[in-house]
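Next come two complexes, and both contain chain A; in the first it sits with chain B, in the second with chain C.
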Partner chain A sequence: MPFPNVRLSNRPLHFIYLCDCSGSMAAQGKMQALNQAIRQSLPGMAEVARENPEARVLVRALRFADRADWHVQEPTPVQQLQWRDLEAGGITAMGEALERLAGVLQSPPMEERALPPVLVLISDGQPTDDFETGLATLMRQPWAQKAVRLAIALGHDADLEVLQQFIGPEPPGGGRSPRRPLQASNATSLARYIQWASTAVVGAASMPASRVQEQGDSNVNIPLPDLPPTLLDPTDDVGPLVW
Partner chain B sequence: MSSAWLAPRACSVIGAAHRRQGKPCQDASLTAQLTGQGGQTLQLLAVADGHGSSRSWLSDRGSALACREAERAVAEVLAVTPLEDTTAWETWLASGLAAAVQRRWREAIAADWKQRKPNPPGPLEPVTYGCTLGLVLLAPRWWGCTGLGDWDLVAVTEKGSASLVSEEPSLGPQASGEATASLCLPEGPALWGPRAQLHPLAAQPQLRALVLSTDGVRKSCASDADFLALCGQVIALRSPQELEEGLAQITRQGSGDDVSLAMALRQRPPSRRWPLAAALLLAGATTLAVVGLVRRPTAPPADPVLVQQRALCADPSRIRANLTPRRAQLQQLRRDPSLAAQLLAAPQNDPLGALLARSQRGSLNPCPALEQQLMALWRDAGGKMPAAAQRSNERPPAGDRPAAPGSR
Partner chain C sequence: MSGLLPEGASLRFTGLDQPLRIHRALGGGTQGEVYAVDCGGEPLALKWYLPACLERDAQLPRRLRQSIALGAPSADFLWPLALLEPTAESRPLIRHPRAGFGYLMALRPPGYVGAHRHAGGELEISLQNVLRASFRLADGFHQLHLKGLCYKDISLGNLFLEPGSGRVLICDNDNVDIDGQGGGSVLGTPGFMAPEVLLGQAKPSASSDLFSLAVLIFRLLTRHDPFRGRRELAIRCLDEPARRRLYGEEALFIFDPTDAGNRPDPTEHAAALVTWPIYPRPLQQLFEQCFGPGLHQPQQRPLTGQWTQALSRCLDQRQICPQCGQETFPDPAAPGPCWHCGAPLPRPLQLQLPQGRISAAAGNELLPHHWDPLAPLALEHPLARLVSHPDNPGVLGLQNLSAEPWQGQLTNGQTIALDPGKTCNLAALQQLHSGAGPITVLRP
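Our next item is the complex of A and B:
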């Protein structure tokens, strides 16, 4: 007898950028650096996807300025993604962006078998709308709770407290951690963080390893890889502080 | 005493991802026939799934030891507990066996840790060997299950309909993505209780087989309907090689995770011997039917939805476990009611999906427990199941109508 003919499927891994496109992103080449970093990260991300065929890496991007809107609306296989440049202008409707994000993290459209999504919030400033309500709406979605939530702060004006709220409780002790906002102070460190999130984190999230649900570890959805070196590490030389 | 169960078998196959990464298979499985007082036999199915993360770098050993120690623990219980004492077995499944297996597993991993060369640095942390464990016990007059973690148990009926009997309860909204309960947790024994079940076979005349699997199998299927279809069909495989090759295909085209499956078929009761007079009458009737003097109505095929409904209502504890994973399907039905027609056109392919479709059309007459759960599910989906009063006014299409009592 032949083996049962049923539909088998690899598991979708949703990777979603949330990009601050407020007017301040136009200053000092931040927007240009962000576009370049994302574009340059795509081949590496596609390679990781190729190496992990059990995960189907699907990318989306949400932009927020005066309003929040989808920049890449359809979950797009990373191999097919052509990055169009984001443009800066307006204020920082981060709360609305989180509400829009909550809408796509419902089941459905989220698939039963999906891997925990990876959400990357990138901002250089402070929300100008109701961030708390947006975050509360987002975190009501089980898929948001299960997601790997990362945040990249561009420059010293970024609101680290808000970004930390997005990530979740701060880990005990000091030092660098992917569970704290990653502080990018120039184009080089931004590119390294984007590359890290789109390759090392995607690789870790693609692994089908199950893990123990221990008390008090609700925010560690997958074991996150080590952070890349940055200016904050005194042994590294990644360029001047410009933001 | 002859066994009520046939052809127990188990198979574990390394995941495609682990094969690529040069890692070992972290799943383990076994079947065992244990003999108790007076020669009573008990069949055991076991599957265990090592966690596989970097913290659980010896979880392949952990899962193998879990299966081995579970077999020994069950054998110990069987030596002192008659199979007829179902009350005692219920207690063992809910708590006693949990404590015994966990204690044995911890001793076994401690011994394994101690004899590793070179000596590992630092003291043993049980998470190093962390794994799940699912057990099914098959006695001549009952079956039971217990364990902890994200394994699944599916019952297949004589009609081929499959339904989930046990799955890991939700670990709560804060539970992280791929998290599961584990033998290595200090609170482990307490987590066995919700998975413990014992069912007399006399109460389940339609039960044909039980299929126990690690989470890699279910996660490789495109939907729960596909997973249940797989379980419904896999019991017909006769060759161990077919099963192994099939599991390799599952992980290759699916989740990439290690996959394990253990199953057993129930022995069909011997056909009843007809008394001579009845046999002669039957022979006569058959002859008449052949010459066209008697027209015997052809028995209609069993309605898969009704079979599914009866199976759930006969054991309400299974209703929630079977309906909850169908929330996404319910949402799709709510958004696109035309999907109901597809499900109802071939109810044998997905009886539970067809049951949901009937509930949407109000053409279902469920038992109170099923109705209550369906209403809750529809409410959660932002919709509403037609009320009983409305149902009586809506006549379902003829092919979609459940048979009235006594109509067969």
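Our next item is the complex of A and C:
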């Protein structure tokens, strides 16, 4: 006879993408790169979800351009998610997106008990609406305060200051940190950051990983994993190729 | 996955005569990346550390060299075999300015799955094999502690199981160090860490290993967590500060015999309520000891040898419920009701050996330590196994797995020969004379 058909009770982990779909995203294939990066990251995310018996990983996505709207409205188990392509066109209603997000982070519809949500904001530009009000509305929600908030800056025109405000106070010292906007200058680094957020961060928020001393910052509610290392590509960072 | 090492390339490492061919990435974790590699025709695994991990842990190469020199405590460990540093000509092929290092180990054989799959209820595994896995886990740490080492980071994530046999593999052995040596940065995994380590009052050691081991055995045996009871229901957002309270500051065992303040909730924590009654009192008492007095007094925690003894006795008294067919583990002298269907269990037929009694149920095994008081407790090399008749499952026999012929005496006085591989019907048997000593049938 097999082991009784029981399992550790689990909690929902809400993972929400906020995707900039403004017109500038159409340039240089950024929109396509984001669609690809998210689509490619799903199998790895599903694997992490499967390895975490304590979590039910549920994915949603908000798109914002002239208006903010749900792209994936139902909290969808990652194993069942089929990513439809986002399309670029319009301005950057990021503030409205944060208001829409605030709406789903209040209880209800949020469950009474859950794991910290993971919110990933991806943008290549500057908000064209009232970002401050949107952020203030969002941050009044206790679940938004508890959430792991990450931001990915696409290209060089992204408003890093706005993204930092979404994440929270800037950590001291310099250098790369998951608590600063992650700067993706090309499709490869975008894919690595999306993959990192959807696997390593989901893992950290759902089932605690091994802890080491330097991470023992008891002020944070979820210690974040190391960022993926910056890889050297054979044709990258070798200096000018022709001169 | 695009990682630090170039897939398909051959790299040379200092101290290794031949180049290592990097086949493909097998996976990545928070510490490093693992690759399938080929070393002169031998398939092996290579763990390559992330630069951030090396920066944090200056002692890592020392610990790895030490572990490699000491050798694996038992076959249940996926132990480091060699420390690898790239030669000067291989360094440019590694896709990071700080080339770093890694170590070679055996590949995880097929058929082993992560223990989290069991905790998540995704694995078909018998209770007997869960108990065997728990025994092997405790025995692995017994051997490790006997070598003067401590593991520091016992958790579900470092354990693999073979569901069909209950064999285990203990992985991620790179935090292992001589017990009491302060070096190393790992603290453990929240949910498994001993309270004194979680709360920053002590460093991981062999005695904190004992706590983490008990948590892991509990999670294997119950598919639940020893501290998630009603107190968890009061936590809305299960984050780091909440875990510190649940597992540290306010930790209370869900089955604490004197304080019922954190009992499992019948709907949220059903797994614990279903599985806890399966196990005999001596095993339950070890958990009560470790998560009660042992919670804050490390010297009160049950030792690895106590776990192997209790788990081995539990396996010896495995019995099949005649009503529902479920595996049960009752005290043979007073079996009580079946945990699954509630039917009263009969007192079992038992086999008396020089060093123990085994309840007669198909699948139970007679092991060298049942005969020899000096043989270590182990599940390997059974000398006999209880089996059902292939055509009539109701007929129970004892199969001679030794290399020697045994003599049997039947209840009517007749004697029989039991050659290696042959099985005799227990119904008519009085006693068997094995080379190692007698086996006597005790009827209830």
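Please note the rule applied: the second predicted complex is superposed on the first by the 209 of 243 C-alpha atoms of A that agree within 3 Å, B and C clash if a C-alpha of one lies under 4 Å from a C-alpha of the other, contacts with A are read in each partner's own complex, and residues count from 1 in each chain.
Note that in this section a residue touches a chain if its C-beta (ideal position, glycine included) is under 8 Å from a C-beta of that chain, and two chains touch if they have at least 3 such contacts.
Here the structure is a predicted model, which is why all the values come from computation and not from measurement.
Look at A:Ala200: by the touch rule set out above, it reaches chain C but stays clear of chain B.
In the superposition on chain A, no contact is made by A:Gly174 with either chain B or chain C.
Contact with chain B, but none with chain C, is seen for A:Pro108 once the two complexes are overlaid on the shared chain.
In the overlay built on the shared chain, the residue A:Arg50 is in contact with chain C alone; chain B does not reach it. Contact with both chain B and chain C is seen for A:Val6 once the two complexes are overlaid on the shared chain. Comparing the two interfaces of chain A, the one with chain B and the one with chain C have residues 1, 3-4, 6-9, 11, 52-53, 112-113, 115-116, 142, 146, 207-214, 218, 220-223 in common. Across the complex, chain A meets chain B through its residues 1, 3-4, 6-11, 52-55, 107-108, 111-113, 115-116, 142, 145-147, 207-214, 217-223.
Residue ranges on chain C touching chain A, taken from their complex, read 2-4, 30-31, 50-53, 56-57, 95-97, 114, 116-127, 130, 153, 155-157, 185-191, 193, 200, 219, 223-225, 228, 233, 235-241, 243-244, 268-271, 274-275, 278, 324-327, 340.
Within the complex formed with chain A, the residues of chain B that make contact are 15-17, 49, 51-56, 127, 130, 132, 150, 171, 173-182, 184-185, 215-216, 219-224, 226-227, 229-230, 232-234, 236-238, 242, 245-246, 249-250, 253-257, 325, 327-328, 331-332. For chain A in complex with chain C, the touching residues are 1-9, 11, 50-53, 112-116, 142-143, 146, 188, 192, 200, 203, 207-214, 216, 218, 220-223, 225-227, 229-233.
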